[in-house]
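One structure, as structure tokens, below. Some questions next.
Letters A, B, C and D name the chains as they come in the text, with residue numbers starting at 1 for each one.
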Amino acid sequence: MSGTGIHEPRTLIRMGVITPRRKAIFFAVMAGLGALAPFAVYPVFLMNVLCMALFASAFNLLLGYTGLLSFGHAAFLGSAGYVTGHALKVWGWPTEAGILLGTLVATVLGLVIGGLAIRRSGIYFAMITLGFAQMIYFVAVQLPFTGGEDGLQGIPRGKALGLFPLEGRYAMYYFVYVVFLLGFYVIYRTIHSPFGHVLRSIRENEPRALSLGYDVDRYKLVAFVISAGLAGLAGATKAVVLQFETLTDVHWHKSGEVVLMTLLGGMGTVMGPSAGALIVVAMENYLSGFGDWVTVIIGCVFVVGVLAFRRGFVGEAARLLKSFPI
Amino acid sequence: MGDDFILITEGLRKEYMGFVAVNGVDLQVRRGSIHALIGPNGAGKTTVFNLLTRFQAPTAGRIVYKGRDITRERPADVARQGMVRSFQISAVFPNLTVRENVRVALQRKLGTSFHFWKSDASLRVLHERAEELLAAVDLEAYQDTVAVELPYGRKRALEIATTLALEPELMLLDEPTQGMGHEDVGRVVELIRRVSAGRTILMVEHNLSVVANLSHRITVLARGSVLAEGPYAEVSKDPAVLEAYIGAPE
Amino acid sequence: MKRLATLALSALLLLPAAGRAADKVSDGVVKIGVLTDMTGFYSDLSGPGSVLAVRMAVDDFGGKVLGKPVQVIGADHQNKADIASATARKWFDEEKVDAIVDLPNSGTGFAVVPVATEKKRVTILSTTATTAFTGEKCTPYNIHYTYNNWMLANGTGREVVKQGGDTWFFITADYVFGKSLESDTSDVVKASGGKVLGFARHPQNSSDFSSYLLQAQASGAKVIGMANAGGDTINTIKQAKEFGITPKQTLAGLLVFISDVHSLGLDIAKGMYLTTSFYWDTDDQTRAWSKKFQAHPDNKKKAMPTMTQAGLYSATMHYLKAIQAVGADDADAVIAKMKATPVNDFFSRGGVIGPDGLHRHESFLVQVKSPAESKGPWDYYKILKRIPAAEAFPSVEAQKCPLVKK
Amino acid sequence: MQALFGQLLVGLINGSFYALLSLGLSIIFGLVNVVNFAHGALYMTGAFFAWIGLSSLGIGYWPALLLSPLAVGVLGVVVERTMLRRLYQLDNLYGLLLTFGLTLIIEGLFHHQYGNSGNSFPVPEALQGGSNLGFMYLPKYRAWVVLVSLLVCFASWFVIERTKLGAYLRAGTENPRLLQAFGVNVPLMMTLTFGFGVALAGFAGVMAAPIYQVSPSMGSSLIIVVFAVVVIGGMGSIFGSIVTGVGLGLVEGLTKYLYPPAAATVVFAIMAVVLLLRPAGLFGREK
């Protein structure tokens, strides 16, 4: 998605609005807020937000930093959730091992689907990922261990490190918080790595990157696999939090939702997807009283976002900061 | 003949669903020369470029680069062997800074391009070389400018600097002066001349004065086939070439 | 602990239900959460109508119990177990909801009931079919009120075989509800002397049933049993007619609501057998309540109540009366009272909630009228047989609820 | 054997809908360069317009066959004029995202207004009943669907590939400036093309109304299969989308006969194989 108004706050860096120190302070404040949040806000809601924020951030690695619109990311979220749920519930695995297994399965799935999908780019890529995700959906409907339409219910949370039971209100939250921070760090590291720079060049101008000798497809595939794996981590953790896994997580609406979160928060920004996840999950939670209007409202948000607001909240904020230097 | 010619094509052909875009093109590009590919619109010049750099697969024919058949190789591999192209539309990375543009090209040789776990601070070692290259194209003052904000002619210069970063043996320039003002054209021509030292350049160009000024040899394409080949003075008098140009004005 | 609770309970029962008892209403309000499908598959047969039925019950009760207000909140679970479970948790944790009712779709039921059990709050299932909720999955805080698969299978299956429909083919929704309905009905058919020739499974919310119907046709069965619900049933019926399968083969709707018949039209639905626990035009009492429901300003579509909506009204009344009688909204005591008191209203004449939580009441085998027989809108059913509670629902022993054993 | 032919015939009927919808998608993509995610929602809208026409205005099937696509087309024109147009300069992924948002809005509104249990639309008088083909009973209406869909598909293909108007349309996608220079109003042409493409979806909706329940979700399940059809067929090709649509319908029918549980996934499995062997699709041009 080159030249589409992706705004990176590099001008802010140049202008001295963002300095390494301020950045460190910002992240520290955010991390602190995250650690204190469950005392102020309903923890299950927060955990949901964290999982979706990780999911959206992983997705953004593709859309925002590689320029690939995957319209089937729910496949990774959901498959990991199912596998983790099954491992914990039926095989009685420790929590961490179950989550790792789910993540691993999503990664392998990412390798397969990604390997096929990156043969086409742009809009075809989007449609192909959507198609494969739909295939995963149908498989999930039919495989016996997923519980089909009824879902996989009653997943035990188990104990963190085999010691701390995760049943309580706060233990689970901090477990999820740690997972989120780890996942988020991996994404942050990837974005700001030599590899991340190549990805960005691919996003900006794919033929040019190719002509510079970069085997573009391989970079895309690695990015896709990382993204799928982290989406899987989010899904696996979510299954443990909510103690069930259902078809919702593999449905294409979910894939659309993560696009919305990323778009709304600001694609190609580090914090954007998390902000978007917060907004979307909050909307779904607190507007649920409006019944079917929620779908309409989300649709309108989508349309307005695409037409007038392509930088997303974080992107627009960065732009405002730029126009009004502090 | 092998050593004299860095690039040879034999019977290069490309069809799309029954439409023949390139029809049996034989090209021979002499090492160290500036070779121009000209022809009216739709003559298949860009398609030839795409075939040479393997962005498209030829329907038939062979491409030999440095004595090696590269007809079946992948585009990135071709680039790594020193054949690097530029594009018809200025090909920079618009939202990266000027320095980052060049750095991306330099970065490959570090061998850390897949290292997603490493900090990008490890790329700082490249800045010195990047600055040298930018200085070579008079862009040292623009290092921190985001490429999209550069004026058009400067973008071309940036593109050339990026290409040079790969230390190519054969540069393929696709209409390097297209859409430029008079002053910019002069600067780019100078630049091309400067960087051609020790390299081979194959370019597609519409501006015939640029072609006359720069190139040692010319190949004229029309309707996918080679119409004439030789030095500019010779080719420009060829009646078939004149007809092709007059028959299909730009 | 348990003994203590029982002691406290009996003490409470002896107290007059006034004055001090008001303190026993937790948080000073009785909150009923209607968790239902407001927009999807089941929204016409439960959805806003369910919320309305509960509100009507609260209004008719006087809006207050033990001097404290009764509040009704509704939410859309969109048929998704995850949303259902998340909403239930939020309601219990944050909104102090005392009881969650309705829960269309067994999946959402399976998601919510354990949460309620963990939090010791009441659930009353109305639009949920799977028999296991009062069987191996029964919990002390759950009541299954309106119908279940066993009732549907027996009511329709047995009667259809008796009328000569002794070879069956099933078209089944491919999830727990459908499969368990299919197996329950198969058992009934076989027990009644019939034969099952095969089945075809389809995903929920399919649009094209022609290929399944062709399989049913090829089987040569006399009866095609539709072990599915909502839009799936409607589509099956329509397409069966289109492919000339009906009237050569008979359709048996295993879970058909009056809203489905309304949406199909009598011309297509006529002649079909089905079992229901409520029909508005049964007697004066049902007519009176249903017309009130239909005329209610919040009933935008002016639809007659389905059995689940009528059941919810009855269940809510029963719940509030139990709170009144106990003098507190404590779940253990209220559930015990509800189980101890027979239900007697337009919906349930002498119905009893068993120790397993299943409400056993009379149900009806009906046949859909032809357009000629119908006197007007919503005049859809001929009641063929009133099935007494003992015959309509499985016995407590048959349910194998672990709670009941000792 | 009987069952096989029956399933194949059912597959052919489904294939006709795939073909009609993927044709519309292909036309819009080929000529306007937008992947219209809302295609399924507009198909549903077409069916609903027909149903609303019948139930509240007394407009029958035959007029609806014309009026409803027209109304959907007008809706498309409005969408194109007010929204899509503003995205042409951008990557075409934004078109996909916009139409995805529109899908949510359209489906949400119909949900709100009409619930989800579906509304039935009677088969028109003249097409009721059917005939026994020996191996199966073929409803007249379904035969009509196959016939008319193929006819409409062929006609659209003919206009685009074989007439002067079509040549203009195709030229417009290759080089809009040049066409503008010839005095053709390109923006208008694109608007009308989009209108026509979605009108085809509306038309398919009316055709589907008497077969399926008219319900807000009728389009969303179909659209993704149609996307897969389009990927398999190769999106550039009008002819490809028709042939692939019908062909995949048949393959689905065959799968239902051989191994029913795989019927839902077979199209996507084929998509995987096609991507491995021919990334551009069966009839697609290489980029």
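Observations, loosely collected:
Please note the rule applied: contacts are C-beta pairs under 8 Å (C-beta built on N, C-alpha and C of every residue); 3 or more make two chains touch, one makes a residue touch a chain.
All of these numbers come straight from a predicted model, not from anything done at the bench.
When every chain is represented by the mean of its C-alpha atoms, the one lying closest to the mean of all protein C-alpha atoms is A.
The greater number of contacting C-beta pairs, out of the two interfaces A-B and A-C, is seen for A-B. Taking each chain's centre as the mean of its C-alpha atoms, subunit B lies 44 Å from subunit D.
Separation between the centroids of subunit A and subunit C, computed from CA atoms only, is 39 Å.
Averaging Cα coordinates per chain places subunit B and subunit C 73 Å apart.
Among all residues of subunit A, those that touch two or more other chains are 2-3, 138, 141-142, 291-292, 294-295. Along subunit C, residues 39, 203 each make contact with two or more other chains. The set of subunit B residues touching two or more other chains is empty.
Residue ranges of subunit C in contact with subunit D, taken from their complex: 39-45, 47, 200-201, 203, 205, 207-208, 210-211, 214-215, 217-218, 230-231, 234-235, 238-239, 242-245, 259-260, 263-265, 267-268, 301. Across the complex, subunit B meets subunit A through its residues 53, 55, 74-77, 79-80, 84-87, 91-97, 100, 103-105, 107-108, 110, 112-120, 122-123, 144, 146, 148, 162, 166.
Interface residues of subunit D facing subunit A in the complex, by the touch rule stated above, are 29, 35, 83, 86-87, 90-94, 96-98, 100-109, 111-112, 224-225, 227-228, 230-231, 235, 261, 264-265, 268-269, 271-272, 275-276, 279-280. Listed in rising order, the residues of subunit D touching subunit C in the complex are 2-3, 6-7, 10, 13-14, 111-112, 115-120, 122-123, 130, 132, 136-137, 139, 141-142, 211-213, 215, 217-218, 221-222, 253, 256, 260-261, 263-264. By the touch criterion given at the top, residues 2-3, 6, 8, 10-11, 14, 189-190, 192-198, 200-201, 204-205, 207-216, 218-219, 222, 226 of subunit A touch subunit B in their complex.
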